[in-house]
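There are structures below to look over.
Paired with chain B in one complex and with chain C in the other, chain A is shared by the two complexes that follow.
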Partner chain A sequence: MIRKWKKIDTNNPLFNTIKMFLANPTGLVSLAIILVYVFLAIAGPFMAPYNPLALDLSGRLLPPSYTHIMGTDEYGRDIWSRILYAIRLDMAIAFLAVSIGYTAGVLLGMISGYFGKLTDHAIMRVMDILLSFPSILFAIAIAISIGQGFWTVIIAVSIVSIPGFARVTRSTVLSTKNELYILAAVSQGASRSHIMFKHILPVAITPTIVLYALNLGAAIIISAGLSFLGVGIPPPTPELGSMITSGLQYVVSGQWWISIFPGLFIVFIVIAFNMMGDTIREVTDVTLRR
Partner chain B sequence: MEAKFKYIIAAIVVLVVIIAGLGIGLHLFNPQKSTGNTLTIASLASPSSLDPAVAFDTNSVFFDNQIYQTLVGYGTKTVNGTTVGTLTPVPELATNWTVYSNGSVLFNLRQNVTFANGDPFNSTAVQFTLDRLIEMKQGADFHVFSFLNASGIHVLGKYKIMLVPSAPYPWFLNLFQLWVTGIVDPNYVNAHGGVQAKQVNTYMATHAMGTGPYQLNYYGTSQIVLTANPNYSGPAPNVKQIVYEIVPSPATQQTLLEKGSVNIALNIPLSQMSSLKNYTNLKIKSGPTSSEFYIGMCENVTPFDNLSVRKAIEYAVNTTALTNYSTYGFGLPIKSVMAPSIEAYTPAFQNYTLNLSKARFYLNQSAYPKGFSTNFSYIAGDPVGTAIGTILQQELAKINITISLHSYSSSTFATEVGTGHWGLFYEGWVNLLATPDDGIRPLFNAANIGIYGNFNYFNNTTVSHDLVKAGTLYNQSQRDALYIEAQKIIADQAGEVPLFNMQNVIPMTTNVHDLYIYPTFDIFVSQIRMS
Partner chain C sequence: MNGFLKYFLFRIISLIPTIFGVITITFILSHIVPGNPALILIGPEVNAQELKVLEAELGLNKPLYIQFLIYINMLLHFNLGYSYILGRSVNYEIAARFPASFELAIASLTISLPLAVATGIYAAIRANRAGDHVSRIMSLLGISMPVFWIEIVMILIFYTYLGVAPAPYGQISQGLIHPTRITGMMILDSLLSLNFPDFADTLWHIILPAVGLSLAGIATLSRVIRSSMLDVLNKDYMRTVFAIGLPRKVIMNKYALRNALLPAITVAAIQAGALMSGVVLTESVFSWQGLGLYAVQAIYQLDYPSVMAVVLISGLLFTIFNFIADLLYAYVDPRVRL
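Presenting the complex of A and B:
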């Protein structure tokens, strides 16, 4: 049987968007960086030359060398191996936390925007309260009240990301719900859930995707910040923020590699996510295209 | 025009920000250069209270040691050409004293001494100070009001006072060396809030009036300045001014010390001491203390109520290696539940050495032959505690004991450690009086279970009896026999895992001389000479 390849519809908006994204140098670079991180997150544990938790007290604070390409920390643990495991953890936290925040935020924004009136007021006032706190401080407060741990970080990061998604979704819903096709669907007796999820949600999603990408970078920073302050992932689990903390006292005495390498990995992935978010915004917003 | 006006405003704002930033930067990284008469000290935190009746943290005690004087001071001795501080009682505000057979002490007070404001020092001031301690009854003075009550204070003359202990206590005289008995000016206190039963005087928390070599000149949020007390009755100190900088970051403290911007840094991690030795403008002084650091095993928490489990842990931990790696050689391994310098210290009984076979044997004997999971608690940001927890995780994993590390702020830790909910924890005890009574009794007497010091919830009738009884005996050989018996039982019962006696380590610039290291972490700046 000869399988016939389906011809790509070059008029498909999604295809064109992806094409424009890939044609953008910023987007291409950000995608490449993120793909490298995803690869490291998946394959890292298999690539790690050492056990990230194994102590070697006779080999403490060794500088980068052939046997330890990023040196060892104060317990003799290989930093490159720990970074490989930490990337997996931080990427998981970022995607999971932002996805939870995204889902909750979009739902709340849709309900708020569609139903309006008291529902809208109630939901948006709660979002305003959440937004009035600086995200990192709010995340710290949540983490301290719940206690250290993986799910603490997830909960803290997802809660602080909800208001942004809710507000963006709500604004899109407000402008969309009075469109003629929506009114037509209403007049034809379509249920509210049908209208929200079949007609409004596809429109509301686009601006939130930009925010999703930007929030991934923020999630990494908040998660690293919580661990840096000692309220995130407890030791000895490798996490980029806690690795920076533990190495701080050694920077002054010249053992810079303990903090700098994890810090660089945070910098690159956050920049990549921000670049991706900007590029998505450019290619999806016709007013911004050059 | 409007746009031009906006640009002018923006430029002014930027200029102000730059100037402010330069000012802050200059202050932080280039404070007043230390002259021979100014000593600059960097510390992590400001004192919690300047009131000697309330102060309980090292930052607060530092100030009390400079501003106030006690009836009895701490002596010094020269060992191998090095002068070190001792706990030997020497005259301070009391010129001499007589100790009677019932433990009472008759003090003859120094005459022609005044407070910094000119108010006279006499026996009335001493009586007022001690009555105040007893009435306020804050945590800092539990040593004093445990053995002195108001009826035991007898003023026999303007410069003569008799103090009678409320219970037999061989170290009654030593109580009056503690900073908490620093003599305060009655007129000054009464003019600023007076004395309220079981309440703190908030004015005295940030103000001070003593007879000491220094007086408070400035109290700010990031800097506290003491200047020489012109009315001080003793020899004028070489250091005329003490600038106490609050530098919350140990790394910044290290930078400031290396540049010579501060003379002493109190909170540089032990891991950095070796790198400081490479600086020709710096030196490090250290000496043993009366402290004891240990891994606690709370018998109020399963499975630590099981003796076999506790013994398994004792045999699974290489305490010498743990000490050396976590303290970078500044911890002195100990083999009993108090510091080696303390009377009656007996290392013969704590015979647990690393032996995984024995550890597994005891674990098999317990109800947990396959191991168990538990938490290990320590103070957040404490590099030694963090290191001990991390290394202990690996060591106990070898006998299938899985520990999760949990760190807490120091205030939370201090509150929670005595609640009996934490099975395994890292803790330290500074023996302020350097006596076995202050070393073992708070940690192992059943009456001290909980927040009063016995965080292990150790409960043995013989030990409790021995510790209480020994603390009342004036005959040293009789009380030592009881302390030795107590140490044997504690070791047999695996009451805790003793680790080390921490040295007092102080890095400083080379122009600081004659800073004597005391076993109780005290610093007396009036002894220092600067070149």
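Presenting the complex of A and C:
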């Protein structure tokens, strides 16, 4: 059977958006950084010159050199190798946690906006309450009640991100559900779920994508913060936040490389996610185009 | 003023379910603890009799809803519980440590608010020119750096290399005698007791943590102020006052700034409420003896009542700051009250 490739429709809004994103230097830079990180997350463990957990007590606290390009930590572990493993872990946490939060938040926001009345009130009050806790403290509370670990961090970070997604989705649903085309669909006897998923969801998704990118950055910072405080990923697993912690006591004596390098890797990826979010907002928001 | 009063009452009443919700969530979180809290407290080698007694003492043998009512009753009497690990009431610890955090937060806001306003307005006036781009990059950096990391960088530069900042261990140098405790806030206390060496020393100690804590706030707030200032500058009435030929200073201060700062009030108040997250991290970096360090030490010792008390307090503070933001907004913008 001959498969016919569909010709790309240049008037397709999605195609245009992607084109505008790539034409934007900020967008391009952010995409490049993120791709590098994705590459490191996948290939990192194969590139790592040393075992990230291997102790070498004779090679403790070595400054950056040709053998250890980012130096070694207080147990003589190679920092570059640990960073490569940590990037995989932190990227996995960020993407998983924000995706879970995204799904839950968008669903709740749609239900809230579409059904209105009591359902809306109930859901939005719960979201308000979730928003009332400063993110790190809420994550600490969750982490200490269900114990440390990978899934704890994911649960904590995803719960923190739910209210934002729910609010944004709800407000777009509220403004679209009385549009003429929705009423037309209702008059043709379309089912509720058909209207919600086929007619409202595609419209509601655009603003949430911006938030998704921004939340990825926030997720990296929160999960690093949790591990920094000792309630996130338990040592000796390499994680960027806990690597910063382990260097804290050595900063005053000038062994800067233990904390500084892992932090730099956090800063670059968070900058990239924030730049990406801003660019998506710029190219999708018609009102920003002048 | 009647409209404002009505709005005030409405907001007060809508505060109640939120506060109740914050309390409920804190309760739920502190009661899904894996394992038996009584067992954690006295360790594994203990007989069943003793365990029963302790469980009864902690109220763990009662049904969950009764425990919840007891918790609410406790909170209504402003009792945050008892820390078995420290052997003291949580209230005592909180009272001892809250002033240090409060002082740090105030110091940070004193730095961040004026700077955010100044840079935001500067960026708006020079929109899309070099100054604006620099401010955009700085604020992108500000929101992208983990607060604890940039503080470590600051310690490295200003203490380790330049030697101009004090060692990052607490609020006051080791050798100095602490000022007489009046408010618990060391800077204020040393000033009130006219202890000038202490005053200078505590002021010197607060600079790095306060600056580190304020960076993210400056970054966010200055962008908000920039965009609201731009909005105002593009309004018709601004064109009118320019056309009339009023002096630029009068235009900016009297017509533009006032309107531009309106949306910033809400953001500033929300950030003040959310400062607790940064406070927890900053205090761990600088061994600052405040609520945050208390919570972090309590985490290591599995001291649940202490952690939950700090979580509850920060939740309540956040709610109250939001409330204040709404009131301020309604006060300065009459349209909200309608």
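Going forward, the second predicted complex is superposed on the first by the 282 of 290 C-alpha atoms of A that agree within 3 Å, B and C clash if a C-alpha of one lies under 4 Å from a C-alpha of the other, contacts with A are read in each partner's own complex, and residues count from 1 in each chain.
The rule is simple: a residue touches a chain if its C-beta (ideal position, glycine included) is under 8 Å from a C-beta of that chain, and two chains touch if they have at least 3 such contacts.
Only a predicted model underlies this, so the values are computations on that prediction, with no experimental measurement involved.
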Chain B versus chain C on the shared chain A, clash or fit?
clash
In the superposed model, does chain B or chain C contact more residues of chain A?
C
In the overlaid three-chain picture, which partner chain does A:Pro235 touch, first (chain B) or second (chain C), both, or neither?
first
Could you tell me if A:Val252 is touching chain B, chain C, both of them or neither one (first, second, both, neither)?
both
Between chain B and chain C, whom does A:Tyr75 touch in the aligned arrangement: first, second, both, or neither?
first
Should A:Ile142 be classified as contacting the first partner (chain B), the second (chain C), both, or neither?
second
Contact-wise, after the overlay, does A:Phe133 reach chain B, chain C, both or neither (first, second, both, neither)?
second
If you lay the two complexes on top of each other, which residues of chain A touch chain B in one and chain C in the other?
230, 248, 251-254
Within the complex, which stretch of chain A touches chain B?
53-55, 57, 74-75, 148, 230, 234-236, 246, 248-254
Using the touch definition from the top, list the residues of chain B that touch chain A in their complex.
250-251, 254-255, 258, 269, 271-272, 275, 321, 325, 380-381, 383, 386-387, 389-391, 393-394, 404-407
Enumerate the contact residues on chain A facing chain C in the complex.
125-126, 128-130, 132-138, 140-142, 144-147, 217, 221, 224-225, 228-231, 241, 244, 247-248, 251-254, 256, 259-260, 263, 266-267, 270-271, 274-275
For the chain C and chain A complex, residues of the former touching the latter:
17-18, 21-22, 24-26, 29-30, 32-34, 140-141, 143-150, 152-153, 155-156, 159-161, 167-168, 273-278, 280-281, 284-285, 295-296, 299-300, 302, 304, 307-308, 310-311, 314-315, 318-319, 322
